Structures are given as C-alpha cells and as structure tokens.
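Letters A, B, C, D, E and F mark the chains in the order given here, with residues in each chain numbered from 1 onward.
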Amino acid sequence: MWNKNVVDFMGCDAAYEEADIVLFGAPFDSTTSFRPGTRFAGQAIRNDSYGLETYSPYQDRDLTEKRIFDCGDLELSIGNAQMVLEQIEACAKQILTDGKLPFMIGGEHLVTLGSVRAVSRKYPDMHIIHFDAHTDLRQDYLGVELSHACVLRRCWEILGDGRIHQFGIRSGEKEEFEWAKQGHTDLHPFNLEGLEQTIEKLKGKPVYFTVDLDVLDPSFFPGTGTPEPGGIAFMSLMHAVTKVCGQTNLVGCDVNELCPGYDQSGGSTAVACKIIREMLIAL
Amino acid sequence: MWNKNVVDFMGCDAAYEEADIVLFGAPFDSTTSFRPGTRFAGQAIRNDSYGLETYSPYQDRDLTEKRIFDCGDLELSIGNAQMVLEQIEACAKQILTDGKLPFMIGGEHLVTLGSVRAVSRKYPDMHIIHFDAHTDLRQDYLGVELSHACVLRRCWEILGDGRIHQFGIRSGEKEEFEWAKQGHTDLHPFNLEGLEQTIEKLKGKPVYFTVDLDVLDPSFFPGTGTPEPGGIAFMSLMHAVTKVCGQTNLVGCDVNELCPGYDQSGGSTAVACKIIREMLIAL
Amino acid sequence: MWNKNVVDFMGCDAAYEEADIVLFGAPFDSTTSFRPGTRFAGQAIRNDSYGLETYSPYQDRDLTEKRIFDCGDLELSIGNAQMVLEQIEACAKQILTDGKLPFMIGGEHLVTLGSVRAVSRKYPDMHIIHFDAHTDLRQDYLGVELSHACVLRRCWEILGDGRIHQFGIRSGEKEEFEWAKQGHTDLHPFNLEGLEQTIEKLKGKPVYFTVDLDVLDPSFFPGTGTPEPGGIAFMSLMHAVTKVCGQTNLVGCDVNELCPGYDQSGGSTAVACKIIREMLIAL
Amino acid sequence: MWNKNVVDFMGCDAAYEEADIVLFGAPFDSTTSFRPGTRFAGQAIRNDSYGLETYSPYQDRDLTEKRIFDCGDLELSIGNAQMVLEQIEACAKQILTDGKLPFMIGGEHLVTLGSVRAVSRKYPDMHIIHFDAHTDLRQDYLGVELSHACVLRRCWEILGDGRIHQFGIRSGEKEEFEWAKQGHTDLHPFNLEGLEQTIEKLKGKPVYFTVDLDVLDPSFFPGTGTPEPGGIAFMSLMHAVTKVCGQTNLVGCDVNELCPGYDQSGGSTAVACKIIREMLIAL
Amino acid sequence: MWNKNVVDFMGCDAAYEEADIVLFGAPFDSTTSFRPGTRFAGQAIRNDSYGLETYSPYQDRDLTEKRIFDCGDLELSIGNAQMVLEQIEACAKQILTDGKLPFMIGGEHLVTLGSVRAVSRKYPDMHIIHFDAHTDLRQDYLGVELSHACVLRRCWEILGDGRIHQFGIRSGEKEEFEWAKQGHTDLHPFNLEGLEQTIEKLKGKPVYFTVDLDVLDPSFFPGTGTPEPGGIAFMSLMHAVTKVCGQTNLVGCDVNELCPGYDQSGGSTAVACKIIREMLIAL
Amino acid sequence: MWNKNVVDFMGCDAAYEEADIVLFGAPFDSTTSFRPGTRFAGQAIRNDSYGLETYSPYQDRDLTEKRIFDCGDLELSIGNAQMVLEQIEACAKQILTDGKLPFMIGGEHLVTLGSVRAVSRKYPDMHIIHFDAHTDLRQDYLGVELSHACVLRRCWEILGDGRIHQFGIRSGEKEEFEWAKQGHTDLHPFNLEGLEQTIEKLKGKPVYFTVDLDVLDPSFFPGTGTPEPGGIAFMSLMHAVTKVCGQTNLVGCDVNELCPGYDQSGGSTAVACKIIREMLIAL
C-alpha cells in the first residue's frame, strides 16, 4: 500500500535491467497538420489497459510471461521537432546499447524518425515495414521537412531505395504515389496484400516495424487525427502484426497516431492496447 | 391527450394480463469493474425506439402483432447486489407464475443471475445460451463473488457442468478458459461457430438466452463499458438471435451491457433496439 | 494574402462560368422527425475536406482536373419547407439552364424534392437511383406531406411508376414496402444487389442520383440523425457511387443526411468528403 | 410492478380531472435559425427530474403538495409551424376550458405563440412578462413570419402596445430595439431591473409568463441553441420566477429553449428542472 | 529515464516514511443513485495536475515545500460497500498510527464513512465540517443504509448530536432538513454563512473536513453526478477551505464527487486540483 | 448566388483597400504544453459569428458601421515556430505599412510574438496591455524558448522593463512572479484592478493589446487548453476590453487561446465572438 503509484502498460512490470523489451511513450504532436492530440495516447493506453486482460486467447499466451519494462512517457521539448527527435534518438540508442528492443508508443508519426535514426545506426542494412493510410513521403509540408507528412521520406534518406515496405496506403498526393512507384519504396496500396511474401523476403534481415494505426478503417479506429475511410479491419491488423512480430527479425518498432480525445467510447484506445499486447506477446 | 405519459418499448403496449411476454428493465451497474453507466440502458432504449420502426423487413413481421407488456425499469436498491438480485428474482418469478416469458433489459451482466435463479427454479433442466466477449467465469473479483465478472460462474453453480453454451468469447484470464475446457462450460471462442449444432442439440429443452451486447465488435457497438475489439458483426448477431429465439424452447432471456453514455451517436442504442425487436418478433 | 476567405470543397475552385459541375449546399433540416442537425453538413464537409487529398488512388485521377464551382450553402428560409423547396428548385434550374450539372449537399432528404422538381422539368423521362436505409415513401408524416419521410413518394408523384430504383432499404412501415412492391418503385432491400443490371437498363436515359448516406452501416457512418444498423460498408458504397456516376447519363445528384454533431470523431464527415470526391472525379 | 411505465415531472402525478395545473411538452424546433435540438427538452427534463428533490428549501414547500397533471409531450406535426401552433393552441384551450392553468415546456420559443393565442382569447386584456436574451421582435426571418425570431412580434399583433414586458434582453437587431423603444413593448435590457415595479403595476391583471432560459448566462445554462454571454445568474432567475408566479395573477406560462444535447454535464437540464419546480410551487 | 512511471499529484513526491500527509484515492461509486463515474476522479486529478502549477499566488507558498506522499488509488472491492469501507478504514488507520494525516480523494461521498470510522476511533471527540449541496442524512435509500445519500447520518450515529457542521446545503427531503433542525446537526443552508464562527468555536478540537465538491454551483463545477444549481462560487470555496485547513486542528479530510466524464472541458478537474493544492498548502 | 463562398467574421466584409482594420487568423498551436487545439479558433469564430448579431446594445453601435477586412486564417508552417513567427510578422508588417490596424485571432499565445515584432518595429516606444491567467514569463519551457509559456518574456526582451502591464494573472512559477516584481513587468494579480490608472498613464502612447481569453474563469470560458479556475467574469472582461480599445492609442491587438473542441456547447466561441465584436466596435 505504501508504494508509489506506478502506472505501466498492463503486465509490463519488469525492472529495466532484467527486461528484454522497453516500452516508452513519445507524447509529441507539434507537426500534426490537421487535428492534434496524439500526445495523450501513451497515458490513455496505460490507464485503459487495466480494463483488458494480459492473456491472449488468440496466441494462448500471457503478457506476464515476457520481461518488459515500461518507463512511461518521455519528457519531450514540445514545440521543437529537432530537439524532440534528438531526445527520442538518445532514448532508443541507450535501449539498443543495453541489448534490449525499443518499443515506442507515439505521438504523431514523426516520432518514428527519432527511433529509426538510432536503430539504423546499429543496423544499417535494416528494412522498414510500414502500415499506414498515408504515404508520408512528401519532401516538405508547407516548407517544413520535419513533419509527420514527410517522415517516411526522411527515413528513405537514411536507408535508400527498396528498403521501405508500405502497406494499406490509401491517401497521398499523386506525386507521392508516383515517386514511390519509381522504386523508391515498395508501396502496397489499400490493404495488406503481399505482406507474407515481404516477410518471406526479409527473413534474417533486421526489420523496423512502424504501425500508424490509421491504417485501420475509422469504423474500427475513429480516435485519430485524420480519419481515412476505406481502411483494413481490426482482425486483419491483429493477425498481421502478430506475423510481423513473430516471423521477422524485429529490431525496433512503434505504434502511433492514437488520438484518444476523438473517440469518447474508448474503443480506439482498446484497439491500440490489444494491438500492442499481441505484438509484445508475439515478439 | 389527457392520458398519462406512458413510455414503453415501441409497439409493446399490451396490458399485463393479456401479454405473452413481459419486458422489464434492471438498471443496475454497481459491480461494473471498469466504466459504469449501463443503468441508463433501459431508459435510452425505450426513448430511442420511437426513431425506429416496429416492422422487420428481415422477418416480414411487425412487433405490433405480438402481445407484449413493458413495465419499465424496476426500482432497484442500487449499491447492494444481494438485495437487487432478490428484487429481480421476485419480478421474474411472478412473470413465470403468471405463465409469461420474462425478457429483461440490463444493466450490467450480473442482473442475469437474478433472472436465472427464478427461471431455473421452474425449469431445473434448463440450459443457457450465452453470447459475450468475456468469459465471466471468475470465482471472485477482488473478493467479490456477486460481480458481473463472475456471473456465469454463479449460474454454473446452479446448473452444473455442460449446461452453459458460450459464444463469441475473446477475453478472460487464462484460468477461466482452462476451467471452461475442463468441461464445465461449452465455450466457443471468438465467434458464433457451432451455434446451429447447439440449437439442434437443445431441441425441446428449456433454454435461457443471455446476450451481452459486447459480443459485437466495438465498431458496431461502441456504447459499452469495456469495449473488446475483435467481435462479431451486427448482421451476424441479428441472424443468430433470430435463430435462437425462433428455434429453441426459450423460457427466459435478457439483453445487457449497453452503456448509452459512451456512444453519443446513438448508434449503439439503435443496435440494442433492433436486436430486441428481432428477438421479440421471433419469439 | 489579401483575398477574401473563400471556403469551398477541396479543389473545387473554378469560376461559375467555366464550371461543368456546380456544388451547392442546402442546409435545411426542419422536417427531420428524430434528431435534427444536418444543416451543418455543408459547412463541416467544406472545412474538413482540407484534411484529405484531392487525388484518388482508386481512380488514379485528381479532383483538380475537373472544373467545379462551389457556391457554398444557400441561404434558406429555415422553418418553411415550401419556401425552401422553391429556393432550391430555382437554384438547380439556373444551373441546368446554364448547361451545368447540379450537385447538392443536404441537409435532410426532403431537399432532394427541390432539385428533382427542377431536373425533371428539363428531363421528364428521367429515372432516380436512390440509396437509402429508409423507404421514404409515406403519404404523410403526422399530417405533413412535405417531410423527409415522404420525399420519394413526392418524387413518384412527379415521375410515376417504375422510375425510382431504391437500394439498401432496410427500414420503413410494412405499408411502404407493400406499396413499393405493387410496382410503384423498384425496391432492392438491404444492399446494392441488382445495381449493375439497373445501370445497364438505364443506359442512355437521364438519371438523377440521390444518396442518403445512412444507407451505410452506422459503424461506418455514425454521424446521422437516425442510425439504422444493418447497412452497407464504405467500400461498397464507394465503388457503387463511382459506377453510377461513371456509367450512367447523370443529370443531377445529391448527397445528404450527414449530421456532423453526432460523430465527434469526424469520421462520418470524412466519409461524406470521400464519397463526394469519388463521385465528382467519376462524373 | 405491473403498472405501465409512466414518466412525468417529479411529483406531478395527479389525474387530469383533479389537477389545478397541467404540464405539457411542445417538442418543436423546426424554425430554429442556428442550432436545433430543443425538441428533446421535455423528455430530458422529465427523466432527469428524478435525480433532484420535490422539496424546495428556498420556499420550504414540497411539489407534492400541489395537484399537477403532466400529459407528456404532445405529438406535433414537426416541419409545419402552422399546424403545430394550431395543435398547441387546441391543447391550451382545452386546459383553460377545464379551468386549469396551462404550463408548457418548449421546444423553441415559437411554441409560445400557440399558447398565447389560446390564453389571450380567454383573457383579452392579458399582459406578457417575457424573460429572454433576445428581442424576438423581427417582422420576419428570411421571409418566414412564423419563426422563433419573431414570436413576440406575433404576440404583439394580438395584444397591442404596452402589453409585453421584456427583461434581460441583450441581443437583437438595432431596428428591433428601436421599434421596442417606440412604445410597442416595455423592454428592460441586460437584466431584471424594474421587475418588481412591473409586478406591482400588473396587480390583478391576467399575466402570461414566458421564460426563454437563455436569459441566463451560458455559464449557468450552456445547453441552448444560441448561447449569449452576458446573461443573468441562476439565483436571480430563481428568485424572479418565484416572484412572478407568486405575486401576479398568472393565467398561463411556459419555459423554453433548453437544448439538452449541448450540455453533456446535465447541468442545464437541472437548471430547467429547478426553475420549473420553483415556479410550480409558487403558483 | 529508467525509473518506473510514477504518477502522483503534482509536487507530492515524498517517501511514505518522511511524509506528514498521505494522499490516497478511493475509486468507489457503487451506491451512486443517479449518474456514476466518480471512481475516475483520482486518476484524472493526478494526470491533469501536471497542467497546473505547484505555486499558489494566493498563499504565496509552494506545494513542494510540504512533505506529502501519494500512494495512488486503493484497489477496492467494487460492488461491495461493506468490504470497501473496511479497506478504506484500514488504510486511514495505518496512516494515523504512523502519525500522519490521511487526505482521501473520492469517489462518491460514502467513502467518507470509512475514513471517519478510523479517525473517530483515534479522536472520539472530533467534529466534522461538511461542505455539500445535499443533506446526506437519510436513514436509508431504497432500503440501503450504506449509501452516499446516508453517509452523514451514518457519521452521526458514531459521533452524536451537535458534532456535524454542514454548509452550503440546498437539496434534500423535507424530513432531512427537519431532522437536522431538531439539533442533530448544525445545518447552514445555501452557502457558507457562519463558517468563521464555527471555526472559532471548534478551536483546539479535532476536526475532520469533508468537501463534497458539488457544494459549488454547476457553472463552476459541472463535472459531477448530480448537478444542483444554486451553489457557491469557486473563489468562496477556495478561501473557505484555506481557512478550515489553516485555522482548525485538522485530523483528517477528503474531497469527493468529481465525476470527470461529465465535464469534457477539464475545468472541473482543474477546480478539484486547485482546491486540493490550496488545502495541502494551508495544512 | 454565383459568388464564391466567402466566410468572414460577421459584418467584416470591407475590401482590403478600404479597410481601417484587418482581421487575420493565426491557426498555430505547436508549442502548447498541455492540450492543443487552438488552431481551430479562427474557423469556429467565423462560422459561429453568424448565430450572433452585429449590433451591440452595450455600445449602441453596429459592427457594420466600421470598415473591416477579414483575410481568414494564414497558411502557417505548422510544427516550426520560427517560420510561423516570421510569417505572422510579415503579415502584420504589411498591414501596418498600408496604414491599417492588425487584429489577430490566435491560436496559442506564442503567435503574439510575431505581431509584436512587427508592431514594435514601427512603434519602438509601445506598451503592451496583457490580460491572462498565466504569467507567460519563463525563460524557456523544457529548453524551448519559442514557447507559449515564454511569450511575454520574449516580448520583454524587445521592449524592456516597465512596458508590459499584466492583468488577471493567477498562475505561474514562483520565480516568474518574483522576476516580475523586480520591476521587469507591471503585474496585477487575480483581476483587473488598476486597469483604469494604467489606461490613464498610457494616454497618448502606442499600445498593443493582447487578450488571452483564459483570463476568464472557466465557468464563462471552458473552451481553452489549460482552464484556470479563479478568473474574471465575462461582463468584467467585456467592459475592460471596450475601455482599452476605446480609450488608448491602440496600434495592434490579438485575442487568443480559444480551443473550441473543449466546449461542445459553443458558449466559449460565443464569448470570443462577442469580445471581438465589442473590441472592433470600440476601436
């Protein structure tokens, strides 16, 4: 009773030293172009995870079997994307140095860049598997290059052609789709078709997995800043993330773009919790 | 114009004496472990039913063809589960004594226990068909045995092994799933597979039907206290409840866990209304 | 910078004179029988369209390739249905006289009557393709004949038997369904089955297309006054409207019944925006 | 237990025949120019009144001491102002004929005209005491004369100069204020100053009392269609209505413009309930 | 960075051993008769406190100057009032035994009984200062004696006549007011008049202070289950709690009845945070 | 009818060339430390202004008598504070060069810095009158100097000691209050006391007026990111802004920190509209 009030993701109560996976929140949404608020995702996910169960009947395994440390949300320099990315990179770098897997909870999608910078330094030949409704391949957004709308383009600048595998994409400028088709990225529009082949091809290679939850249809996930009708179903996403986490050589990952304030029912936060639970169990 | 303001479920305006079915609300949610508010379900369902139609184009029949009495919500001793269960049991018992079918609108799922106590006394060989996202099979919840999380376990204590048929279950503790598998209940995970065979097997036997609406995916039914992504679709549920009500020897039933405050759109209340309409017509 | 603040649907910035299509809003909801608020649909659709893209990866075409003028919402005599219908009719008539296509954004469904009056005068042999959850075929609603619940009946009075093709219908009074079956309208219940044959049959004939967005299931479109569970999916609707707009001789159309206040997530407004975008591109 | 589910305003359970006061709801909002939804006021007020008490510690009297009948909401011809006003007038007329006091719950402010028509026929020399944020004195609103924005002007046409006493007015067109100042109405801007003198002057004369609840500041009453900052406090209103009801010869009254959907907290509905309770007790 | 994610009330980060005051949450609302949800108050207060400051310009002192431990919310046996009260009593007893002051954050008002039981055992001659909109003096509520509506009556059974000083009371049954007037409690209706004299009279005596935040007017505090218009202003409450905490011999206290879900603006949670901050600083 | 859909603040329809005042929106909130969303203030204010009146009965003057141009919201480089401030500065500079008064609608408070940079270049001896709940005087916030929490400190760096007059301040770090007291700013805590003397003292001097609407109590203005209970009343603010605008030599001003998403009732947007209307009329 006289312990301090620790709030972590359900079942993730290992000490840092003994953990294999480190969860951390990146509560940043300063470059969001439409409706901000993803900064509250980490808090909502931790709080509401207690309404769910640690046991997955899908995988017949329990989250408590894993050794996971949750350090909560980082204290980020809201309003300054450059500083924030450095703070995220430093955090991910330390986790990697300590031989653990960094698992980040956004925030908006730009936070992925901080983590990718750290992971790609350790694994320069890494690939990215990217689930999203949006291409995120712009050179800049109203002159801003460190923007959520440009994050995969920034990652491409680090990794080069053919290393980014995009799934579920259904929104972007014509130029972005065409730029992708020129071989810069491996873009699979609308749904997850081709994922199994991609997983097969990437066997043995280090993989960073970034999940923008708006890849889901807004019927399943209304709680996001830019709802894009026409997305995939929850069960498709759940099965897919289980495969990616269980069948590739994952070296880092993140789940982002939950904006809890836009879904008063809590259903979207529950979706995020379950996706994270299934990913953590499958890892 | 000078009649009192009677508010019943659309088309359910028979007098008690002439009715075959008696609708009553059980506005209780004191043991809800996560987010309360289901006590307002009955009121919301009655009020919003007037935005819908009494005619079902699915069954090509009209609710007004049936003789149904709606006594509104019971006045329950909020805060004391034991007293509340006795009040519900007394109500259901009287309905049964008068040769009518009790149809209860929850409230949280614990209310089922009150009705099951009454019905099982008249039909000791009865079976339960249970639609739910959750196992509800705990022995106790933080020491409390009269809890929504334990309600089917309490029913099992009355009925014994092999008498509870659970469908759509996708959340619970590992121990609950294992306890079920030991033959205590007939648990069908994730969806409604096996329902037709179960209906076939139960031909002639008295059946109590309890529908926790969170068996639906939160995309179809966000208005509930504990949204569990991964559920079934509205049309699946509608067809299934029509079958159970039309093809078994139903001796009592309930529909519960609508929490209208969590779905500002009213869509979840409309789901509850239509499920109830189709059940009533099919009976 | 010193231009006035023009707010139009994304990419629809042609001048009236050069436009082929004219978008106009009809912010009327005075006869709504359950929950009003569709008057704010036009404003919400224009404002939120800027969070989306003008490019359709489905059709691989961009809205900016079309010449579309958006005059905003009409200033209507709220509270007087007769005057409002005359105002809408006058607007549509002028657009037709100028050789352009009228594309109306409701408002409640009654506004369709104003537009149909104008279009049918120019194309007396026109047919209507009608997507909706509701029959809308009542003779009157509590004595009111100019009601959203009667709008297709009023259209039938203008066009006669066999000219109205209804899809997705799943709610209405028994009498309405029976009246339709007597050959007055061509009613396809529940979904869009038969649409391709209808399109085939109407080849060459002038077609007015009215889309009540509540044809969608409330999981995809909660933001409407009377949610009717059991509807079609977003992708089905999107493909269908693309076909109707691309493969018939469209002479007028409207999209109605978005009630943005009932979907705080903005998902329903995004659905409306994307349906309108796909329709405009396909025309 | 086997009585039908009667929902009336707390404590107002007299039979019509024995009642001195008759409460009825007028769920109409078709002419609302900004944000509709007042049609749900009556339902919300009755439902939420059960969370409050029938006893007034301010007046040290209990609502149950009075004989009041509540017939619920009238079934009105939504969408047709003329028919609706006739329906309201007929209801009020019957109540007056039976020697009872009509107490109407709106709805938008236009409903007052129906009641005033009936009451003024019985009491041609009656005065109106009018609490409101708005003048409501326009000749027409976008060509519509039967509009909430014109309702006091319509009443003036019946009663003539000097018979309408307006309090709390803080919004309107310049022309309306000037028209009032010409002696047509007795307009007290901003607050309730002068109310006691008015009550004094009207001693013995028949008085109709119409309370537009938006006379309150939106801090006290956010749940209304057109919030007008700068209004009076709840306690001022409560004391004032008690005086008007207790110290004038009241022959009819109404309370209108609660729009419950705009105040999720329920505070505005509680305000309406308490104002109505104090009025009823003071009568 | 590698510390666990501790979430406490801003600035209350002392260890238990060194603390003078112990904050604990009692997330219980099972007996709430109208709208539940106060169980989330503790969580909301801790989370949102970070948007505010630890420094009080009113008292020109900083919360960080005090030694306060916050153990978070107790894990209570939701649904069973008797067990919950025992759990709260045990917690408060231990704090008192360790020579610290128990400061509880509710939850509904019934939780006060658990704390009062513990404190009154140590200080049998203690008085209670009680701020509330409601009398809370019923013998039972629908047969339930352990109900929020009876909590001060239960306290009276422990302490006897003349020991409970109630302020701000404006709602209750006639019988409750009369029972109080018989000398059982010292009831000050409507506002805080007489508080300074009471403080004067209680000089030196042990005082338990219970603040039901609905003593505030709903304009200042809409986020509560049963809004009661006619309450006091925030600044009045803030000055009053500072006086009670600073000028009496306080031996225990609680702040309860925030229901964060009913005030989407967060203003009510901010009110609770500031009241708690000022109380803690003044102690 | 065939004009484009211009959306401006009610009555502000002058052309740029003929205007004396230029309204522009600065939809920026990237540095908001707690809850973002003020970027939507301009849009909400323009849209909802049509529910109000252009005539002020307080000043007995009409907004339409003034010549005001509204260019809508600037297109800002969301996510990059430095670029955004340059864009705002350029806009304000051009307005000043053309001899007009810049009137900015935020956004978060940082936007003031852009405008102050432009205005102070033209009027180096200018003073600032600052209404706010918060000091906004930090040197940096988590290392970020271009933050809303530092904006007045940045202005002080331009203007120097004794040039900033702060009113209504009730929240900040102890260090900020002490820094102010050293003579850097003229800080009036809690309310508007001393405003008339300040206006007197500044007679003839150029004054920039920045109104952070959270100076209001959250009861009057819940729609803001960081509600701070204990603020001033609407009528006090309205009278005060009228005085500042009417009795000083105003050379620029702004109104900021409305976050419309946090007040579903629309009351806060109405407050912003009325404050802006009264300021514009008084100028």
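Keep in mind that, in the parts below, a contact is a pair of C-beta atoms (placed from the backbone, for glycine too) under 8 Å apart; a residue touches a chain by one contact, two chains touch by 3 or more.
Only a predicted model underlies this, so the values are computations on that prediction, with no experimental measurement involved.
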item	value
Most remote chain, CA-based centroid, reference being chain F	B
Repeat of interface A-F, chosen from D-E, B-E or C-F - more than half of residue-number contact pairs shared	B-E
Distance from chain E to chain C - Cα centre to Cα centre, in angstrom	55
Mean-CA-position distance for chain F and chain D (Å)	38
Shared interface positions of chain C, touching two or more other chains	33, 35, 217, 219, 263-264
Interchain pairs in contact, sorted by label	A-B, A-C, A-E, A-F, B-C, B-D, B-E, C-D, C-F, D-E, D-F, E-F
Residues on chain B engaged by chain E in the complex (per definition of touch)	29-33, 35-37, 39-40, 75-81, 83, 141-144, 146-147, 261
Touching residues on chain B, where the partner in the complex is chain C	50-53, 55, 57-58, 62, 217, 219-220, 234-235, 238, 263-267, 270-271, 274
Footprint of chain B on chain D - complex, ascending	1-8, 16, 43, 46-47, 69-74, 91, 94
Complex contact set, residues of chain E against chain D	33-35, 169-174, 177, 189-190, 217-219, 222-223, 226-230, 262-264
